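Working notes, structure below.
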Amino acid sequence: MGASGYSGLELTKLLLHHPAVHIDRLFANTSAGRKVADVYPWLAGQIDKIYDEYSLDMACASDLLFLALPSGEAMNLVPELLQKGKKIIDLGGDFRLREASTYERYYHRPHKAADLLASAVYGLPEWNHDRIRTTSLLANPGCYPTSALLPLLPLLKEQLILDEGIVVNSLSGVSGAGRSASTDLSFVEVNESAKAYKVGQHQHIPEINETLQSIIKRPITVTFVPHLIPLNRGIYTSMYATLAKGISSDDIERAYRNSYGKSPFVRVSSSAIPELKNVVHTNFVDIGFRVDGAGNRLMVFSAIDNLLKGAAGQAVQNMNLMFGFDETEGLL
Amino acid sequence: MGASGYSGLELTKLLLHHPAVHIDRLFANTSAGRKVADVYPWLAGQIDKIYDEYSLDMACASDLLFLALPSGEAMNLVPELLQKGKKIIDLGGDFRLREASTYERYYHRPHKAADLLASAVYGLPEWNHDRIRTTSLLANPGCYPTSALLPLLPLLKEQLILDEGIVVNSLSGVSGAGRSASTDLSFVEVNESAKAYKVGQHQHIPEINETLQSIIKRPITVTFVPHLIPLNRGIYTSMYATLAKGISSDDIERAYRNSYGKSPFVRVSSSAIPELKNVVHTNFVDIGFRVDGAGNRLMVFSAIDNLLKGAAGQAVQNMNLMFGFDETEGLL
Amino acid sequence: MGASGYSGLELTKLLLHHPAVHIDRLFANTSAGRKVADVYPWLAGQIDKIYDEYSLDMACASDLLFLALPSGEAMNLVPELLQKGKKIIDLGGDFRLREASTYERYYHRPHKAADLLASAVYGLPEWNHDRIRTTSLLANPGCYPTSALLPLLPLLKEQLILDEGIVVNSLSGVSGAGRSASTDLSFVEVNESAKAYKVGQHQHIPEINETLQSIIKRPITVTFVPHLIPLNRGIYTSMYATLAKGISSDDIERAYRNSYGKSPFVRVSSSAIPELKNVVHTNFVDIGFRVDGAGNRLMVFSAIDNLLKGAAGQAVQNMNLMFGFDETEGLL
Amino acid sequence: MGASGYSGLELTKLLLHHPAVHIDRLFANTSAGRKVADVYPWLAGQIDKIYDEYSLDMACASDLLFLALPSGEAMNLVPELLQKGKKIIDLGGDFRLREASTYERYYHRPHKAADLLASAVYGLPEWNHDRIRTTSLLANPGCYPTSALLPLLPLLKEQLILDEGIVVNSLSGVSGAGRSASTDLSFVEVNESAKAYKVGQHQHIPEINETLQSIIKRPITVTFVPHLIPLNRGIYTSMYATLAKGISSDDIERAYRNSYGKSPFVRVSSSAIPELKNVVHTNFVDIGFRVDGAGNRLMVFSAIDNLLKGAAGQAVQNMNLMFGFDETEGLL
């Protein structure tokens, strides 16, 4: 559902070539009734389907539904789909937060399925592996949170950095804003410019903080600011923290090895600084870091493709776990 | 009028620093009532005006009105402004064609001031110098036609190329499409892509052909195709023609010198091929050419800034002529 | 060989996932001795090889060699490799022309293996299918020629357009210039600019003309001009021709269906105009066309990914034919 | 001197139209002997000079010399120029630091004119106004330091933020790296990517810290990380700090008004977040800020054109002060 947006498109491309998946229906709203290959001629010759208008009956013919809807729409549909015994991977934000009040504050609407918030599983495979395997309602993480949580969690878990004063400065390509008509996202306005936006108000602020707390079991509040830069795909996140006493570069490296030594999509380097071009069109997250000269400040950098590890790729990774496929199936 | 579009903005910048001009009012439609510096923070600290809603009375306080309106709007206002004795420079397309029927065919609406079409002067200063000085209704040329007419006119006038089979292949930056909310013009759709558009249907096709005929006094029909490429400003036009018998590179050079030897904004090179970066943010047109190996084909290239020589800059150049200022005043 | 350039990198990516291929060695020159994943961190976690310095012995361990070398280098190596019974796909220009004198004129050096020119097969699978299957020396077509030949050949073969006066106007992304240190190709010089280049001198001029003649069996000379535009990947080609008498849009469509009805990588549309974004990261060529109003001029447009259908993808397509694999293996 | 680099070019453009300046010579190294308009066709028709090879005699014919040289070259020339009584504005880094040992550590070479470091004046007009008026050796600030110092100085001076834990995250366009042949700066490598670089090693780290200490009179060490993003011009800097107890948004606003109420090129907004497009091609710095929800963290943002307020524009602003011209002359 929501198959004609950018995340939906990436998901379609991935699922088309996934050996264990058969795409039954592609639901879309404004594009309903149009041929997929007309809306996205890139897919011409590769898919021969029409975007369908959503119906519960049609949806129920599938084992799994991916929801890539504007925020606020998934919560209207999820309860009845769960009742029908369907599994759901929601790429939107409706089920990522634990508190309905926080949802209301950042998404500017009341939550209509608040009773499901507690049981939804936050789909960060590197940290919620076991719970993902068994859930029916998976909340696929936001792109910014993915880029920040993966680098920060090992350091906070092992208390290598102080909980206070963490800064998360993220740069995003424009596809992160979705596919819509808007003067602000027009080529001329975005090209040759850069800006911070939604400062102090972005819905990923509580998503990052709540998830840190839920995994680390301590309240942690980072300062997160997203920026828009002129490129299509990718998120580049720079993080700044104070090292705990006596912690060295080697400790950082060891922590990442402990956490991600067996994670197929996390590439950590103790020498190279990530670059966006190394991860676009992949499901990898690249992580690099530096301890500054004086020795008590840590700088960590991460890069992901916002549409893959930050959306559709991670959704497929989660599906693989939920259905017992190999975690990397269809992603390499 | 229409001061808050891209052409209107460039015009505002130019007029702000023009020594002989006082900007009385900036009329805008959707931005009416807003501070100019809020709509365009680039201008903060440089202008302290508010966009006004248009009124005939306010307009009549000025000697000259620039119209940078969506096509179809100028023809509603021009008759009464002329009646009030105002001078008008229309940056839109309403008064560029001679035939109301052609207007209707390419602009998809009937012309409401068809009786004025004959008296409007097409504002190509290098060719209509004298008529521009005395007109009250100046039709400022389109960006594509400017980039094609200036290189082609000297060659056709001196019959150095055949009238038949001329190809005009133009590339445009995205600001040429104006400032509007549209998925097609969103960053992600335009960036890393290129396309021909409005093939056979663009309203500049008759503008080029009619103007060639009107100046050369022979019917000439070129094939013109516009393309969109991912950059903000500029038009790059490549033209292909068959040389008349016995014509050499030197003849071409001489023809350009004859036509443009004293034109302050036309730079012709017999050796260098134009590049867009050499003209952006200027009112210059750069022209270069090559005769191919076999010797009977001519390739001509031109580059302009679509917002300056292709719109606001040429409008100021025309104003300078209409009011007896130096042709380059405010443009260097 | 030449595995660390842009074409070599794309080829590496394709071959890594090709079910019938085992990559034995990746030869490179300046990168010899370095880990592939250090030169291209994009490949980290996907390949664990080192770029080797070329040696004939090592090369001979493989059935097939891809050469992606700077022009002038392949002709030094090909004779001895053929003698050893190896098959060769040369992505460079050394074996694409039939005449050594033409090679010398456009490549500015004498040809050192001129006796092989006659037996090399020009690897345009849609036209040379049978000869490709049996050759040991395949000259993989240039990116511009691929984008021009595929749209023009059916029209010329069926004499739907006149042989004279054909114009080929091509736009290329910057990866087409290869990976090298050059002020001219630096970001600041290319971004926000556009230009024609090598006008009348590009080595693809004779490649297009010779191939047209060799397939159509009539001498045909088109006017071809390449342009550089600010994007990474892709070639967009606009072609202009005069229709033969009485030829309509339907005839054009039928000719394309005749020629490409069974070609898996050619997508022809009689309604849509191609856009670059629809083909990047694919091996497809998209073709569209329009007959102009007056009815005697034809405009044809094509789009390809210069690194795939214009280089590495077509090379794999040729390999598939040479080794009897399915033509699309590893390319969808 | 160094007139053919990007800063030199911008300086040339500004000085050409400065009413109180006559350009006597443009010295360049690799471009010596070439016409300015051949190296930069943008300037064709506007300047008729040739780049000269530097000679002390020729240089001494001018009252003022601008040096826009690669780092390490100015210190060879400045002593003798000062001895001849010339005034100097050095756009490079040779005279910006106070300590020769720091220079050696970050610029990787010994300083050859270390005795002049103490007397050189750091040309931040908003803070060193009086000393700038009387100096003969002006060290024009670096682009990153300009973007960070202007927003931070008022806050640190009035102790509205804590000295510890300040993070400075900067994004730069590619022209900041100068004009040179380098694969790393080629279009394909930079476009559609982003990266942090020179982490912990950039020469602007000590420039920021030393200048803060020299003006604030307390030792302050910020964490500064530069990033490269795909655009031509501009620096966007995001700063993060802890508010001193009881400090509110109003206090921040008041501090900026106190410091910059009369500064013609500093535009502070308490509501709008800066965007790069609002400052490119101007000498303005835009500053905006937000206090976060919890109330103890401050986020400050600034935007400048790296070639103007970050280089040539600020140099002209300094010249205006040194010679008693109006501070904004030639800059609006």
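So that you can tell them apart, the chains are marked A, B, C and D in the order they are listed, and the count of residues begins at 1 in each.
Quick note on the criterion: contacts are C-beta pairs under 8 Å (C-beta built on N, C-alpha and C of every residue); 3 or more make two chains touch, one makes a residue touch a chain.
No experiment lies behind these values; they were computed from the predicted model shown.
J.: What are the chains that subunit C and subunit D both touch?
T.: Neighbours common to subunit C and subunit D are A, B.
J.: Measuring centre to centre with C-alpha atoms, which chain is farthest from subunit A?
T.: B
J.: Go through A-B and A-D and name the pair with more C-beta contacts between its chains.
T.: A-D
J.: At what distance in angstrom does the C-alpha mean of subunit D lie from that of subunit B?
T.: Result: the chain centres lie 37 Å from each other.
J.: If you average the Cα atoms of subunit A and of subunit B to get two centres, how far apart are those centres in Å?
T.: 46
J.: How far is the middle of subunit A from the middle of subunit D, if each middle is the mean of its Cα atoms, in Å?
T.: Averaging C-alpha atoms per chain gives centres 38 Å apart.
J.: Would you mind listing the residues of subunit D that make contact with two or more other chains?
T.: Correct list: 189, 191-192, 230-232, 275, 277.
J.: For subunit C, which residues are in contact with subunit D within the complex?
T.: Going by the criterion above, the answer is residues 6, 174-175, 179-183, 185-192, 230-232.
J.: Of all residues in subunit B, which touch subunit D in the complex?
T.: Checking each residue of subunit B against subunit D gives 17, 40-42, 44-46, 192, 264, 267, 272, 275, 277-279, 281-282, 284, 286, 332.
J.: In their shared complex, at which residues does subunit A touch subunit D?
T.: Touching subunit D from subunit A are residues 165, 167, 169, 171, 173, 189, 191-197, 199-200, 221, 223, 225, 227, 229-234, 236, 238, 240, 242, 273-277, 280, 290-294, 297, 299, 301, 303.
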